[in-house]
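Paired with chain B in one complex and with chain C in the other, chain A is shared by the two complexes that follow.
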Partner chain A sequence: MEVVMRADAKVRVESGTESSPRGPGCSLRHFACEQNLLSRPDGSASFLQGVAEKSQERLIRNTCEAVVLGALHPRTSITVVLQVVSDAGSLLACCLNAACMALVDAGVPMRALFCGVTCALDSDGNLLLDPTAKQEKKARAVLTFALDSVEQKLLMSTTKGLYSDAELQQCLAAAQAASQHIFRFYRESLQRRYSKS
Partner chain B sequence: MAEVMSVADGRARAARTLLNQLVLPGEELVLPEQEDVDSPARAGEQPLLLNATARARLRVVCGPGLRRCGDRLLVTKCGRLRHKEPGSGGGVYWVDSQQKRYVPVKGDHVIGIVIAKSGDIFKVDVGGSEPASLSYLAFEGATKRNRPNVQVGDLIYGQFVIANKDMEPEMVCIDSCGRANGMGVIGQDGLLFKVTLGLIRKLLAPDCEIIQELGKLYPLEIVFGMNGRIWVKAKTIQQTLILANVLEACEHMTTEQRKQIFARLAES
Partner chain C sequence: TVEPLEYYRRFLKENCRPDGRELGEFRTTTVNIGSISTADGSALVKLGNTTVICGVKAEFATPSTDAPAKGYIVPNVDLPPLCSSRFRTGPPGEEAQVTSQFIADVIENSQIIKKEDLCISPGKLAWVLYCDLICLDYDGNILDACTFALLAALKNVQLPEVTINEETALAEVNLKKKSYLNIRTNPVATSFAVFDDTLLIVDPTGEEEHLATGTLTVVMNEHGKLCCLHKPGGSGLTGAKLQDCMSRAVTRQKEVKKLMDEVIKSMNQK
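For the complex of A and B:
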């Protein structure tokens, strides 16, 4: 009896519904629902709203934690609040860059700077750096990397879609080259700020 | 003059060449005495020194914004690299950064706000991550019978005796001889406002003209706390507000603009 119930539960997990692509004018976030998960109660349901955002927050937090010298500030928490003003694609990379600049501006001690770069692979296998929202949607795979400033080492990567190992290496190399531009921009931007004083 | 240097290579650079220039977190600095040891060109030509004391190792102090990693300095904050050469030793290196958040440092004089009174200690908010504790006996002439008159909400000017990352900061309002020396409860009226830490350091530098010019403008009382707080009091409320606005704006003004504003205020 119990085995049957578990099998039933498994089937139901796969048939949980997710919200389909919404038309224009709908301002609700993505949500997902599963029913009859638990066998004992008469009825049960699990409803998740805005799932994708939680994972992005975790990625940004892990990148910051790898770079900030937390040992200098025990028993304290550093809160980073990111407000999306407009999303034109490569949102996670933009959030990572903003978080890095904010930490530098606040004077939080860090062992290196970091930046985010997004790559998209379209159906022909072409590599697009810093894709727009439209390019991201049409792409076969979207890869986001966080790189540090000392040796362009990889701090964080998150990927979505299908790609081969060779393509991954290619995207990583392109991202490392692109990160040089970003760090140069950081330097110019901070030069301007410090030249005013 | 904006100098854009490539950070393509993570190679350490000599601290000497970067003085008064912008440094970013993650850069490594090589100190002058290590340069001779590291340069490969002279590897085979080290002169034999008969006088061993000629190469005595100098003690270099690693100030705020820098951390020691091996025999190099790692930059942890963004700012301008500065160096001070004292009489003896290798000097002090530090990074001059613009920051608003204060981290308690031992020996700093700060303005705090009393937030709680619990038994024998006051809890004082100094702008750090924890409130500092201040014992009621740490005032001039205070004894168990003669308690100081400190209420919740009062402003206190004191200095830190214990301030490190592992312990709760402690402050006192007397110096090592037991005299107040200007510290204690700050009087009635006046205005407390917040500025960046860099501005405080600039105003407290020995040759700062801003304070002298302010003194010529109106008679005033002013207290600077290293935690970014300034208390100012003039004869009337209007003058106090003018002084507060001028000090807050000082950060972004050039010398000429400041002189113009002072001239205009002196006329009116």
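For the complex of A and C:
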């Protein structure tokens, strides 16, 4: 499904740097979002070279395809352009969040929202949500999930490293709990935007 | 068929598929090891109609400066137009690139071969294993077939003994003395297709993959550890469904390992 639409929505989602403190009860780093910061799209999307990027593009595209109601827009093409401003770990999860917010900002009809969460398992088996780049490198396994907003079902998953079945279920449960924070953030951010204009 | 999805739904309601398989049944798997004499290791795997051949060639290379005691394993998956009409000639398409990345991730995550074992002389000489996987017939479930072919081919690889001559600083290869690679784990991939957001079927054929609303691939090794959980989008899955997939993957891992051991034993007896 190659869908192109004049992208009238650009969203920048930042995942905070290592120094910002984590809020109580939630082990995700601070995140902020700026919507509609570009008035014109950037021109043709030149996809990144490299097999690893192609693989990530496929993951993000398939996740978007699963939620976007494509049947309502026949013979159209939606292009999602993701530009990495800075990478401080959990990049793929951040890309997924940005893609979702951009689609919402553009007014594309979707059957659910989705969010990305990354979990890292270190050598002692401790679970770390939303790891920094340094924590990712030292971790034994890094798992990235995309969850939907309706029933927190698993939409996309990609993993690196070795882990057991029980650890997978543990990470999935933690990711589902964390996704609630992210969906609440989406709601608040959109409320703020539309209450002003 | 005029309405392929309706046709499939009628079968799925009775818990079976048009080719007579159950929902959790794999197609007949056959493996042929060591058929390519010009390669250092080779294997041909057939999963029903899906055919993948893997050839491994070993060459010399200088290790990189940031990892002087490590060799290289370079996998490459080729999906030529000969295997299916959906592929065209030219540079590798997206499917081939994604599959190559998947195989590279499986090798990296499962630590099937320790790269340190491929080093001959730290900082100067190391082996590089070029693993070329070519699909000869694409009928779905390419990831399972590729992982199996790679594992079988690596088990077949024999590397000659290499000594570095002190005076000339050149490598001397003793072709008469060959040894097998040290394969540490046996990762086996099990792929599922999701239908209508609810039903999970194992080992999808090409047509089933086309009609499915999502796919999932689980790579497990014999210790029950997961090397890779690859779910590229598609309909959502609950934790309970994932658990069923894991148990199926465990049984599949045992079946595949048994098959491979039988084939290798029969080869060594000859």
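Brief remarks follow.
Just so we're on the same page, the second predicted complex is superposed on the first by the 148 of 197 C-alpha atoms of A that agree within 3 Å, B and C clash if a C-alpha of one lies under 4 Å from a C-alpha of the other, contacts with A are read in each partner's own complex, and residues count from 1 in each chain.
By definition in this document, contacts are C-beta pairs under 8 Å (C-beta built on N, C-alpha and C of every residue); 3 or more make two chains touch, one makes a residue touch a chain.
All values derive from a computational prediction rather than experimental measurement.
In the superposition on chain A, A:Leu154 contacts chain C only, with no contact to chain B.
In the superposition on chain A, no contact is made by A:Gln135 with either chain B or chain C. In the superposition on chain A, no contact is made by A:Gln170 with either chain B or chain C.
Of the two partner chains placed around the shared chain by superposition, chain C is the only one that A:Ala66 touches, whereas chain B remains out of contact.
In the superposition on chain A, A:Ser55 makes contact with chain C only, while chain B stays out of contact range. Overlaid on A, the two complexes show chain B and chain C touching the same residues of chain A, namely 148, 151. By the touch rule above, chain A contacts chain C in their complex via residues 51-52, 54-55, 58-66, 143, 146-148, 151, 153-165, 168-169, 172-173. Contacts from chain A toward chain B in the complex involve residues 69, 72-76, 104, 106-107, 109-113, 148-151, 180, 183-184, 186-188, 190-197. Interface residues of chain C, counted against chain A in their complex, comprise 94, 97-98, 100-102, 104-105, 108-111, 213-214, 221, 224-239, 242-243, 246.
Of all residues in chain B, those touching chain A in their complex are 2-8, 10, 22, 24-26, 65, 67, 74, 76-80, 97-101, 103, 129-130, 165-166, 198, 251-252.
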